[in-house]
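Have a look at these structures, which come just after this line.
Next come two complexes, and both contain chain A; in the first it sits with chain B, in the second with chain C.
The block that comes next holds the complex of A and B.
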């Protein structure tokens, strides 16, 4: 009920009671500024060490008060996802809402308890670049509004990727990961803050922010269109890419990076193969240039170059020594990671544009390089690294000591060989995991049990294979040993291989950073095996060039010397892919684009 | 040369003249003005003039991400910003189907009542100033500042707290905050007799405010009057009780009414509501420590948040009256349309234009302040 009745007549003397206030202490504001509350939203500070210049603060700022400013001298590394840009604030626009703090992926930006600023006339139109850590006036103030766990606007957790359980997958070559559902893909895509670090770190500079945005908008076709702007091997890359994008992802600074690879896979799977072919053909010129280009090797590098060149109206022929396309993506990567029909779908997009692939045609044997030089305007060699390296330890010349790449090719081709009862793999990279897990599957099929050991030179802190490869291999029964260097392959008196002796590793590199492993001779182990597989790297077979051309070409430590467009010292000959850059699908794709651009430029001026 | 048929026109003697009332008059907030037609001191008609106040809030919101608007909406009503944030958040939560954790709901009620206290202290302080009693205004502003100190501690901002976002609130309550809040309430309660002596029971005020700007309940309903102004006509309608939101249905409080419908009644209602707000805050302070849990439900990345298509109408009781947000989403990352039903747009335009007629010039400012209209809320 009302505290004072409406009918109350009031008093003329009541106000006089307040005269008592004359006896009270007056309220005066102190001259010194009052300290602000602990979570006060005052002027900003930014930890330059933590900040990566991702510009997410700029995107969320509702008053467009933030500008990214290049700071020369700061580290810049697209591979690590670091830009030398830092936010600058226009305090004429800032409203101190603190959204920049709450959304900052690194947690570098915060507001302080500093709130007094007197602006000089010449500062009115200037920006204030956030420094570290002393704030706008160089006086240190405590942090006020800072990031807290329950106020973080960044979603740090990736959508879980469904996988086939180990006991269901360890005896077959079915694909392991299920892929995202559309719901999961949209949620995962919504985590992206569109900073573009992925685009910069990707060797082929895929338009990842654009296709992630398109997936988020529910437009998978647009996503495919964005993907095909830079990568015609997207079924492949959506499954087995080394995803440098995710290493650079700014969300990954404090949480799981956005699953960019799986999102690409989702977009490619969500659109029909027919529609993908239509989208990929967009932008193909409708005239014939009359130029002929030969490409040797139907792997990612060669076919990417073919894709680019055929879209420019050139007549492109690809020569492939084996009977199927794909190169290492087919013969090196097991089917449980990359189903062959998806690889075929990628290749079909390229052949549907008019690229001819001549299978079972080995250059150097069936056709000579001199013929290609005479008949074609330009030739690209993209034959990859198809030969395994040998450890050259004692006993490694035994016929039961195999090379991983050769064995993987055999498994893919379905050629019969005796699956070893017990086997040891030397090496710790992804190829070692591929062969170990493939053989483990065959062992499970034939003998019902897995007896596979991987002996890697590196320790687990510096392991070369992806962590999930290691986890999954272990789930499938593969034993992985770290810091073991191969000493010798043991052969009994009947000439039968009985195992591998390894030594503990003391160090791998010498003080100059050169590869020179040192072993501890007292720490020797013997691993029983009826097959030893060497998986310590690959090299290329350049016999196709023939003596005369090999002599003419310029070489750099066993590799072809190429210029910035991928052209060799011969004006008509280009080289691309793993044989130039080392093994990586997405690098090969990037290189394919590079030589295609180089050839296009060359053909434009050639008479 | 004059035309041949020229005849001088004789105007009848008149006492009517037009006066631009405001924006420099201390009784009028901001740059809100009135064009008053007077006969002597008596108002014959009044026209509201929003001046250059229009900032286009509703249109601005359409161009901003859902989350960016939380920094914009409190600016719609400067003295009472929290209901703006809460109501906007409630509308989006309804569209997005977000479940706000209970703890966040209690924290929101706490802020809403703090904001109501601050706004009322400002409102009758302003009214006192229009009648020349500046001490009351100074006291009101000074005591409001103590509430702002608590806002600063809780939300990081003194005036615009920008503390509520869709899904809950942005930070946990600081340690020791509730104790400090509790002692502030003790202080404010001890101040009520001072305010009564100086203002509410002051015969000068009572005599000046009684029967000034009086409206009947029927008129009030016809003109869309809400809040304390409606309750001053004897109708006990309050959104907090009649259409409860957040956790108001778990709280014990009264809806004070007054019978007069005039400037005096409206101030007395606000005076009684001070006590009710203190009462609500005490209950919140008692309950809040026992309600544990998160302060916010997870929301998508604000840069890529498509609020599901649909429309929602949510209303809360602000210190000025019924505040509502009508939000339309087409499933995009920005609102398609936001309409703010600000209570002041009725009070400051049609009600004031009607009530001013027949009153004396010196009462116009009094009537406006007794209606507690917030000019930026009129012209959004």
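The block that comes next holds the complex of A and C.
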């Protein structure tokens, strides 16, 4: 290759060549910038209606060009997974890589074809922009780099969860759900964008982003460690949690939410019970406080409080009326959803730390509340909602009209009872599904066929049971009828229960969402049955307090009045769990932590 | 159920003999007063955690008492009643299938609500029957109005019943 002749000065006549330009047509460049290419990466726009403030764009930005800015007045609801924050872009840092667009779970953020912004020296702040749908200068520009299926970094589809086929499960109580394999768990964990919406929506604020990341890293033990930061009932919650986390999951905006509950189950099942006990014991103090705590009820709320308090060095005794622990998680949830050995594993973690559970001890009958008040530094009542409500329709006092919670308890305890050949369940919640599916299994075992009907007051648009419960119940042969108002339990002339009469419900709620049923008298149906099971609501039995303490306590519309720490109007007495907040396992766990923190604070003051 | 008070059939025979709006309202007001006194007397008999429910029922009867008293003193009573009955209240009938309980010594929250529903339902039906058996005119309209008031009260109680009994609320057995 020849050298470049950079020292060549050219001909002396060279300037004359410029005269040739006089013969050329002038070229005029427009003042407006030239249009950009279709997928150009210009300035951002953000659809505030779609944006949920999840901050995933901020997290993915390698240049730290994005700051989440709180916008007062925007909706904020942790339960629904909505933050009142929106991303602001520092164009001094942005490199227009478009990763914020590719990762955005909602698809709210895009880059446009607009690319020119100039300012004076004192306007440098104008490069820090809070994108909205109108763009940086309020002028319309076409979308440039936008969310496409090819560039989308969000995996919208959950890993499939294997289940036992209906024909293999309808006559036994074996667990239905298989759980994830290691590979499935890692792939599922990789779908998480670490936005933390799940953490905020969870009643006990589980560190889900952290344990999901640990699973993705293949470190199940670390996942368990993160799980135990906030939930000692994780085998249970890994199977039957109401998973508000998944409702709030930002990935669920366009696709399936991350299967957070199944990931928790995976981590718990992947680590041995012994190792879990060791991990759970981390952080336990190495001294004895000398304080005694009594807890009434060995359900999730009571035992969570016990777990926290024993780790603080207190002497904790749990009084349980029945012969096994778990409360409604054992006696209200069938084993095909929650195997008892997994529940036992959760409880053994807690007892291994030194919590004593005194079974078959009913407070108020075997031991008075006055004794607990005298002998313990603090007392927690966490007795749950252990009694079923009755419709009290005509005929509902017949001996073959049973309550779901009692019957479920009987099934769990293995106590004998005559399985009905044909039965109707009144109710449409998860408990109604639990009893219907349990009895259906027993019918299949004993009679070879299922004759089980569920008659719910609510229509399917307002159904209380989880959709998968309804689907699985149908697969197992249970007939589910919505919009049926219970009218009467029918008894023949010999005093034998023969069925349930219901009326069609045309509508159930008014425009304010309050109960305002309208019945269709022309739509009366009789559902033949030799047993009717009522599953309409639950309540707690507060008779353990006795008349004197009931009078001393303050109440709030039938419930114990408690402060922000769960403490009642009696300074030595706390209350937690379903009896305070209604039925929900993970809420009960959260409440257990709350009262434990309150007691710890109280004991510190008392000391 | 207290004798000759709201919801009791004998009480409505008494009101049938009245001919003027003032007289009818006077008897209707006395029903509300009797109901208020009944619930007020019941308050100390129920467990403390359930007293709120009976207190609310007493308060509602007191509200009705004041409403009817105010109406009786209103010089435009006829036009006021006509305005009120322009929009009838629908009987939801949900509680038609709930049995009327014997309150006993220690009623639970559900029994208290069942009882109150029974009273309102009976009162509604009695006023409705009186309206149906009365020629069109101010007296008919007054019975329509009273039936509507009892229907609205029953509707409110049904909502409360659903929220306590059907929605898993803690309550007390």
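Going forward, the second predicted complex is superposed on the first by the 562 of 607 C-alpha atoms of A that agree within 3 Å, B and C clash if a C-alpha of one lies under 4 Å from a C-alpha of the other, contacts with A are read in each partner's own complex, and residues count from 1 in each chain.
Everything that follows uses one rule, which is that contacts are C-beta pairs under 8 Å (C-beta built on N, C-alpha and C of every residue); 3 or more make two chains touch, one makes a residue touch a chain.
Treat the numbers as computed from the prediction; the structure is a model and nothing was measured.
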| Between chain B (first) and chain C (second), which does A:12 come into contact with in this model arrangement: first, second, both, or neither? | first
| said: Quick one: is A:179 in contact with chain B, with chain C, with both, or with neither? Answer first, second, both or neither. | reply: neither
| query | Now for A:387: first (chain B), second (chain C), both, or neither, which partner does it touch? | reply | second
| task | Give one of first, second, both or neither to describe whether A:540 is in contact with chain B, with chain C, with both, or with none. | result | second
| Does the superposition put A:98 against chain B (first), chain C (second), both, or neither? | first
| message | Is A:583 touching anything from chain B or chain C once the two structures are fitted on A? First, second, both or neither. | response | second
| message | Looking at A:62 after the superposition, I want to know if it touches chain B, chain C, both of them or none. Which is it: first, second, both, neither? | response | first
| message | Output check: A:364 vs chain B and chain C. Expected answer is one of first, second, both, neither. What do you get? | response | neither
| task | Pick out the shared contact residues on chain A: the ones touching chain B in one complex and chain C in the other. | result | none
| field | Touching residues (chain side chain B, partner chain A) in the complex | value | 64-65, 67-72, 135, 142, 149, 152-153, 155-157, 160, 162, 170-172, 174, 192, 194, 196-198, 200-207, 254, 256-260, 264-265, 268-269, 271-272, 275, 294-296, 298-306
| said: Can you tell me which positions in chain A touch chain C when the two form their complex? | reply: 385, 387, 389-394, 396, 429, 457, 485-488, 514-519, 536-543, 547, 550-551, 553, 555, 557-560, 578-580, 582-583
| remark: Within their complex, chain C touches chain A through residues 47-53, 90, 92-94, 97-99, 101, 109-110, 114, 155, 158-159, 161-173
| note | Note: in the complex, chain A contacts chain B through residues 1-4, 6, 8-12, 14-15, 17-18, 27, 36-41, 56, 59-60, 62-63, 95-99, 102-103, 111, 144-145, 148, 150-151, 153-155, 187, 189-194, 213, 216
